[in-house]
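These notes are about the structure you will find just below.
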Amino acid sequence: MTGDSSPALAVDVEGLVRAFGARKALDGVSLRLPAGAFLSIFGPNGAGKTTLLRVLTTLTNPSKGSVKVAGLDVVADAVELREKIGLISHNPLLYPDLSAEENLLFFSEMYGVEEPATRVRELLAAVELDHRRFDLVRTFSRGMLQRLSIARALLHRPEVLFLDEPYSGLDPHAADILDSLVAQVREQHTFVMVSHDLAKGLELCTHALILAKGRVVFFEPRENVDETAFAALYRSTVGLGVA
Amino acid sequence: MPDAAAAARRVSSWRQFKAILRKDIVMELRTKEMLTSMSLYALLTLVVYQIALSQSGSGFDIRLIAAGLVWLAFVFTSMLGLNRSLVHEKDQGCLEALLLSPVDRPVIFFAKSIGNLIFLLIVEIITVPIFAVAFMSGRPIAGPFWMIVLSGLVGSIGIAGVGTFLATMAVNARGGSFILSVLFIPLMYPALLAAVAGTSAAVLGGPGYVDMFWRSVGMGAGIDAIMLLAVYGLYEFIVSA
Amino acid sequence: MELRVDKKRLTFAAVIAGAVLTTVGFVLAFLVAPPVLADTTLASGGGAMIGGELIANPVLFSQKIFYFHVPVAITSFIIFFFTALYGLRFLMTKDKAFDTKARIATEVTLVFVVLTMITGDLWTRFEWGKWWVWEPRLTTYFIMMMLVIVYFVLRASIEDEERRAVYAAAFGILAFLDAPLSFLITRLVPSGNHPVVFKVGGGLDAIQVTTSVVALLGMLCLGYAIYQMRFREERAKERIEALKASLED
C-alpha cells in the first residue's frame, strides 16, 4: 500500500513547520498516507491538530516543508486542490437564511458543479433531507445540519474528505446516521479525521496518528496499533499541555 | 478522475461572483435585516438633525450644510450595514466554506463590495427624498440632479469597497462594530471630504461651481481608485489570516 | 555578532548627533537666523495680515518654532513610511521581526506626530489667537494622529498574534497612503490659513535653510535612535519569551 509513486499518496507531508515567531504550532510533521486510507488524528488541545487540518485544506500556508494533498501542492496548486477536497466540520458552514436546496445550489455554483439541480436532488435524497429541502437551514436540528453539511462537502465529488470533530454535539441517533453516511461514501474517498473520541476514531481508521506539541508522536497503520498501549500513549500526551 | 476533466471543470470567476452576489441579495430580501435597520437608522439620524437645527431660525440656509448632513447619515448607516454583511459570513463559519471553494479571493471581495454598494444605494434612495422634503423645502438645489447622483455614486463606491475590507477585519476583532467605526472614519476622511465638496457644489451652485464639482468628483474618483487598488491587493492577506 | 555591535554604535552615534544637531539648530534659529516677514503685500501699518487676522508683531518671533515644528513633522512622516514598508515586508515574508519593526516605527511616529501637533498648535495659538484651526496641514496631521492611534486600538483588539500582525500591516499600509490623500483633498477645499513660511523658490536665505536642514537632520537622528533602542528592547523581550517557551518543553 505504501507505494512510492506520488499519485498513490493522498497526503504527502514532509518536514512541515507552522510557526509564528518563536511559537511553533507544527514543528516538523512528516506523514505519508496512501489514497483510499482513513487517517484518524488524535491529540490533546493545542497539539496542532486544527492547524494541521487548516494547512492540509489550504486555509493556512505552511512556514516550512512541503505539503501535497491528492498530488497537488497546498500553496502552488491551492485553487486546483480545493476542487478535490471537502471539509465536514463541527461548524455546519451553511447559511441559516437560505433553504437546504439554496445552500447546496450556491456551493454548486462556487465549485462549478455540472447539472447542479440534479446533483443537489441526488445528495438531498442521500442524506434523507429531500422532504425539508425548501426549509430554511435556521430551522434545522443539529443532526440535520450535520447531514446537510455532509451533502455540501460531497457536492463536487472530492477525492479527500476532511472531518474536523464531526461527532461533537451530535446525539447518538445523529451519530449513527453520520456513521452510515460515512460508510456509504467510504469506498471512493480518502478520509482524514481529527477527533477526541478514541474508540470511534480507532474503529473507523486504517491509520492512526497522535500529535503532541506540534510533533508526530505516533503514526502507524491500524493493524500495528495495540489498543491498550495506544490509549496509554494518548493519555500520556494529554498531560503535556499546549505546544 | 482524468486530468482533462478536472481542468475543464475550472469554474469561471464570473459565475462565482454572481453566485455570491445573488446569495447576499436573496438572503437580504428574505430577512430584510440590513435594509430595515439601515433605513430606520437613517431616519433616526434625520430626527437628530431636526433637534440639532431646531434653534437655528428661519433665516438659516440649510443648503450650506445639507451635503455634509446627508453624507453623515450615509456614513453611519453604512457602517451598520457593513458590519452585518460580514457577521453573516462569520456566524456559522461560512466564510471558511467560501475560502475552501476554488475561488480567487478578490472575487469574494468584489462580490461582497458590490452587494454592500447596492444596499447602501437603496438606503440613499430612501433617505435623500425624505431629507429633501423635511429640510430643504423652498430651497431648491442649484445644480442639475445628475450631479448629486454622480457625487453620491463616487462617494458610495469608496464607502462600500474600503468598508467591506475593514468590516472583514472588524468581524475578527473584539468589539467588532466599534473597531469598524474607528478604522473607517479616519481612513475614509479624504474620500468623504471629496464627496461632501462635490455634493455641496451641486447643491449650492454659485460662480465656478461646475469647476469645483468636477475637481471634487475627480479627486473623489482618484481617491477611490487608489484605496480600492490597495484594499484589492491586501484582501487576500486579511481574509486568510 | 559584529553586525549587532555596529548597530549599537550607530545608535549611540545617532543619539549624540541628534542631540548636537538639534541643539545647534535651536541656537541658530534663535540667535542667528533672521526672521521671515509675513507676506509684506498684506502688511498694513505696523502689523501683518495672516488668514484675515491682524498680527500686531511684525517680526513674528513665534515663527522660530517652525525650525522645530517643520523638521518634526517631516520626520514623523518619514518614520510613518517605515510602518508601511515593514508592513509590506511582513506580508511578503510572514517574518515576525518585521511586524515588531512596523509596530515600533508606528510608536515613534506617534511620538513625532504628537510633537508636531503640539508645536503647530502653539504657533496657531500665538499667531492666530486660536487653539485650533481646520486648515490643510493641521487637519492632515490630526487625521494622521488618529490613524496612528487607531493602529494601536486595532492591535489591542485582536487576540491571535499572527492575525493581529497581518491586520496591523494592512492597516498601516492603508493609513500611510491615506495621509498624503488627506493633504491633497484638504488643499482642494478653500481655506488658505496656513502660513507659507518656507516658500519654495525664494523667501529664505542661506542661514535659514541651513538652520532648518540642521534641525531636520538632528530630528532624523533622534528618530532613528529612539527606534533602534525600542527595537532592541522588544527583541530582548521576545528572546526571553522564546527561551521561556523552550524551557517549558
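As written, the chain order gives the labels A, B and C, with residue 1 at the start of each chain.
Convention: contacts are C-beta pairs under 8 Å (C-beta built on N, C-alpha and C of every residue); 3 or more make two chains touch, one makes a residue touch a chain.
Computed from a prediction, not measured in an experiment: that's the story for all the values here.
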Pairwise touch network: line, ring, star, complete, or other: complete
Far-end chain from subunit C, centres as C-alpha averages: A
Per-chain CA centroid nearest to the all-protein CA mean: B
Inter-chain centre distance, subunit A versus subunit C - centres from mean C-alpha coordinates, in Å: 51
Averaged-CA centre spacing for the pair subunit C and subunit B, given as whole angstrom: 32
Distance from the mean Cα position of subunit B to that of subunit A, given in whole angstrom: 38
Sites on subunit A at which at least two other chains make contact: 61
Residue list for subunit B, restricted to those that touch at least two other chains: none
Per-residue multi-chain contacts in subunit C, two or more chains: 162
Subunit A partner contacts - residues on subunit B that touch it in the complex: 1, 6, 9-12, 15-16, 18-20, 23, 26-27, 30-31, 88, 91-94, 96-104, 240
Interface residues, subunit A side, partner subunit C - complex: 20-23, 61, 63, 213
Subunit A residues touching subunit B - in the complex, by the definition given at the top: 57-61, 79-80, 82-87, 89, 91-98, 102, 106-107, 109-112, 114, 152, 157, 159
Subunit B partner contacts - residues on subunit C that touch it in the complex: 91, 143, 146-147, 150, 153-154, 157-160, 162-163, 166-167, 169-171, 173-175, 177-178, 181-182, 184-186, 188-189
Partner subunit C, residues of subunit B touching it in the complex: 162, 169, 172-175, 179, 182-183, 185-187, 189-190, 193-194, 197, 215-216, 219, 223, 226-227, 230-231, 234, 237-238, 241
